[in-house]
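After this come two complexes, each holding chain A, first together with chain B and then together with chain C.
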Partner chain A sequence: MFYREAGDFKSSYVEDGQTFPIRFDRYRYYAVLLVGFAVVPFLINDYWVNAVFLPFLIYSIAAIGLNILVGYCGQVSLGTGGFMAVGAYACYKLMTAFEGINVFFHVILSGGITAAVCVLFGLPSLRIKGFYLAVATLAAQFFLVWLFNRVPWFYNYSASGQISAPERTLFGIPVTGAETAPWAAYLFCLVFCVASAIIARNLTRGMAGRKWMAIRDMDIAAEIIGVNPLKAKLSAFAISGFFVGISGALFFSVYLGAVEVGEAFGINKSFLVLFMVIIGGLGSIFGSFAGAAFLVLLPVLLKNVLVGTLGWPTDLAAHLEFIIVGAMIVVFLIAEPHGLAQLWRVAKEKLRLWPFPH
Partner chain B sequence: MLDTSEGYVTEDGRKIGGVVMEMKNITLRFGGVVAIKDISFDVREGEIRAIIGPNGAGKSSMLNVISGFYNPQEGEVWYKGQRRPHMKPYQVARQGIARTFQNIALFEGMTVLDNVMTGRIRQMQAGLLSQAIWKGKAEREEVENREAVEKIIDFLEIQSIRKTPVGRLPYGLKKRVELARALAAEPSILLLDEPMAGMNVEEKEDMSRFVLDVNDEFGTTIVLIEHDMGVVMDLSDRVVVMDYGKKIGDGTPDEVRKNQDVIDAYLGVAHD
Partner chain C sequence: MPEQLIWGMEVFLNGLMAGVLYALVALGFVLIFKASGIFNYAQGVMALFAALTLVGIMEGQVPFSHLINAVLGTDIHHFGWHAPALLAILLTMVVMVALAWVVNKLIFRHLVNQEPIILFMATIGLAYFLEGFGDIMWGADIKKLDVGLPQGINSVIDELTYNIFDYGFFIDNLDLVATFVAALLVIALVIFAQYTKQGRAMRAVADDHQAALSVGISLNFIWVMVWSLAGFVALVAGIMWGTKSGVQFSLSLIALKALPVLMLGGFTSIPGAIVGGLVIGVGEKLFEFIIGAPYLGGATEIWFAYVLALLFLVFRPQGLFGEKIIERV
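Entry: the complex of A and B
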């Protein structure tokens, strides 16, 4: 009923080009932000932060990054896990080498370093497409994990071969290390997540996004109307790498605290983030969030239902969880190949006309 | 033969200026196949120049040479008084040469508006950082170029489908959107590869009117390939006729119509 365009007139192109052109949408967005920043931090405890909120926020950033590359620019990547590892190890090296600098900048810088690495591995995209590019990025995944395992400099020659995040503070409040309060970790990640989403949205609605989508939809036509394919593809790799690097840095420093590269950033991670992007919806920022929520929350929910409510043994529930999640992904992709974002879009179209659809 | 050395005035009173593009002895080969053989012609400012010929004559290859998609093995392309060096297609586009395609090449996943905005690539230079925060140059450029694009959308009468994804549009409208995208670049030369292919009579009439209006209102030089002889003869100021990669005629529609080689190429000739 309130979801209406009628009467909501736009009198300038700035208003017409905004992210949420419908008033109801806009207020809902502000409400979500308000709840996220001002209400949730007071309610959450350790379990909620570590099981739900941190993985959701961090995977959302990674999914936004991968969505820019796969969904907007049409370049397939299976190296996300490796690139997250770059972010994590860059963050670790920066945190231990430059203690005086705030951890906030360490995370951003790790994003920058990952962007550079991502561009390097994106160079083959200028010659190859589709499955072949996927294989080339798969090589990046294996190479990077191998590199971080084999070169002791990356883990500061520690005996275990692991990296662990030292305690760092922001405004005097610890955000990494064992002393971190749940709300501090949550807010730290939330700031990065919201900023990433806004930046990604701005880039994709402007000329950069149009160039990427032009390359995705028809690369030859794009080149003939003036898109430089080299710049467009590599900028997509760079921006994507930046977000994926930030998510890797947060995953290591805030969420896990200590990381063994093969375990935390293996090929599984690449597939997980790719699934999030595909299930959420290619070429949609909202889809990145939806996909991350789906794949993070569903296992938690299933576990609570199976173990908590039905009282099944934990190991049985864990195995069933794999089967159910896998089956749901298959069913879901057959029913709606364009992902959750498309479902959301259809629902909005219906709402717009409700309750008089004719 | 029409004297075109200093420019000329057409029958309907339009002034045609000097040479803006000249093709000199272009030869294009694919392996052993010669697609274009030693062809020269010029394009003058403000004129509508048609390239015609039977199937496989090398018309589209010629257009691809002009837009930088193919590089001829021999010959020179002169543009605005300068010899054009070897260039990538996107560099050619940035010099002000826009084109449409025989098989529509729109970006199907984007809206009409985004497709046309993409045509403004030459005019939008804001950096990534400015776009990321959506303030300053990026926002200003977006609004300025949106205004320019809206004029073209008005001109081609596609206001109502502005926000529709291109994939959902019917064929005739797609052709129009493609013309809009090319026009958005404010090109000095507009290349149209069979703009009326697969259209019914009404759509052809609409498209012809748009082509004439574009030439008239914006003064855009147009090079077009078309199979419909009626359309070509009505629209164009001068015509190049190609057959088997060779040029067999060049001149006004009336001259070309009387040319014996052209008649032979189109109607066939007895070999006995």
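Entry: the complex of A and C
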């Protein structure tokens, strides 16, 4: 009905190449931004921020990062947890070493450091492909977690081996540490999340993204038409690492506050983010958000229903959660291997013609 | 002979034994990968599930007792009988075959012709499912598994080495048994693959799905058979590891140990899995002994295998014995 391109004429190249060419999409996007920035901060409380919004935003950034690597460039990585740990520890070291600098820059810098580490572990991708590469990235996962566990310099020689975020402010308002207001933490993460999405979206539809996709579809053919595989693969690793590093930094400093590396950034985190990317849709920025939302909300929902409503013991509910998450993943892959993003695309096509499909 | 060298030899021998156990898990991966192109991440969880089922049957636990108790408010736990080990192993094998059938029927038949990454993700989903399912079925507490395998220090080797070096090597009886069983298993698998009708059909499927289909081989049957075989390997691995360190969640993590073994040996090679397992087992124990523990603060075993495999792959991307990767545009 209202989802129409008819009458939506473009009269300049800028208009023609914009991210949301359909007017309805564009207005919806503005509306979502408006609600996110201006309405939600006034409504949320501690529970909603910590159980839903912060994990959603932070995992979205990680999923965008991984989606660039896996979905756009076709390099399967199982080292996301390790790279998030790099972001977290870089952020911690920067926060404690340079107190005078704003925490905003610390987070961005830790993204940069993670990008460098990610490129280092991405180097073998020039020789190794497919599953061999996926398993090779596990080397990064285990080595990095071991490193942060064993070298005391990384956790400032603290007795517990944990790192905990000191209080830092932005415009005089604390955004990390115990005193943080829920809305401040939320807005801080939202800014990073929206910026990441915009950057990623524009990268992937520009020259860099086209090169990545050429490498993904067939790297030898891409090389023949003039895509430099070294640059394309390593730039994908770098940019993916940047986003994953930012999400790791936020995950540690804003969301958890104190982190034990094996627990917070173990192999399960790698799989979780990969699940988000695959369930959301490989090669889609919207899919990264959808996948993150799905896998953040599902356990919360299950816990509320099973423990809260039915009154089952928590351990039983936890096991049932494994079963349901596992089954959902399989069902999803069978029903729609291209993820939630594809469902959305199909729905959009249908809506365009509705209510006169012929 | 200097003490260090003798200790090093002991570490070497123990590494070999550990390597055999890694190879055992890797074998399950290779079987499924060769026959169906599926990289089965759930192999480790299958070993855990098999071990849990075995313990459950031996102890006469009521399956799903926690769930039943929570829903119906009853309080039941055991049937009150103890099954002999051999019977329990046979019953567990029946369960694993049923599992293989269900997995094929419900999951992988619907995913034919999908990309390998999608199949891989499906096996991770399966791993999650099985993990939760095993816990709900048999309970999540750590269980002791005892099927009558000998354990403890092997006195013959201890005495023998004491007479030669003045220092008795500590070699666990269980490791010796595991080595023996693994060797037996590999020989049996090779004979099965080379000399039986089903084995030949399996190799045909591994070679070319469509060609195999066109000469009348039932892909479904072969896949169920291969998954059952992998289930059997998982059961053996589950018994060995379960006896060694108890049946608990960490058992499923042996899959992660098997991955570098696979990379080193090549995903498609049974001898590769064995050699890779031995190299990794010896390599990580020796590295921990010589460099890891004295200089790097220990616990290097967790990543050494991966880094070794990674460095190795840079020079030989298809692994030691893997088929040469030929790329065409």
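Worth a mention:
Everything below uses one rule, namely that the second predicted complex is superposed on the first by the 358 of 358 C-alpha atoms of A that agree within 3 Å, B and C clash if a C-alpha of one lies under 4 Å from a C-alpha of the other, contacts with A are read in each partner's own complex, and residues count from 1 in each chain.
Everything below uses one rule, namely that a contact is a pair of C-beta atoms (placed from the backbone, for glycine too) under 8 Å apart; a residue touches a chain by one contact, two chains touch by 3 or more.
A quick note: this is a predicted structure, and the numbers were derived from the prediction, not measured.
Overlaying the two complexes via chain A leaves chain B and chain C side by side, clear of any clash. Using the contact criterion defined above for the overlaid structures, shared-chain residue A:G308 touches neither chain B nor chain C, since it reaches no partner.
In the superposed model, the angle subtended at the C-alpha centre of chain A by the C-alpha centres of chain B and chain C comes to 90 degrees, rounded to the nearest 10.
Look at A:F322: by the touch rule set out above, it reaches chain C but stays clear of chain B. In the superposed model, A:R127 lies in contact with chain C only, and not with chain B.
Set against each other, chain B and chain C touch different numbers of residues in chain A, with C touching more. In the superposition on chain A, A:N202 makes contact with chain B only, while chain C stays out of contact range. In the superposition on chain A, A:A136 contacts chain C only, with no contact to chain B.
Using the contact criterion defined above for the overlaid structures, shared-chain residue A:S235 touches chain B, although it does not reach chain C. After overlaying the two complexes on the shared chain, residue contacts for A:K211 are found with chain B alone; chain C is out of touch. When the two complexes are overlaid on their common chain A, residue A:I267 makes contact with chain C while staying clear of chain B. By the touch criterion defined above, A:I278 reaches chain C but does not reach chain B. Chain B and chain C never share a C-alpha pair closer than 7 Å once the two structures are laid over each other.
Of the residues of chain A, those at positions 218, 220-221, 224 touch chain B in one of the two structures and chain C in the other. Taken in their complex, chain A has these residues touching chain B: 12-14, 17, 199, 202-203, 206-208, 210-211, 213-214, 216-218, 220-229, 235, 239, 283. Chain B makes touch with chain A in their complex at residues 67-69, 88-90, 93-94, 98-99, 101, 105-110, 114, 117-119, 121-122, 124, 126, 128, 131-134, 138-139, 141-143, 146-147, 150, 181-182, 185. Against chain A, in their complex, chain C makes its touches with residues 39, 66-67, 70, 107, 110-111, 114-118, 120-122, 124-133, 135-136, 140, 256, 259-260, 262-263, 267, 296-300, 302-303, 306-307, 309-310, 313-314, 317-319, 325, 327-329.
Those residues of chain A that touch chain C in the shared complex are 76, 124, 127-132, 134-136, 138-139, 142-143, 146, 149-151, 218, 220-221, 224, 267, 271, 274-275, 278, 312-313, 315-316, 319-330, 333-334, 337.
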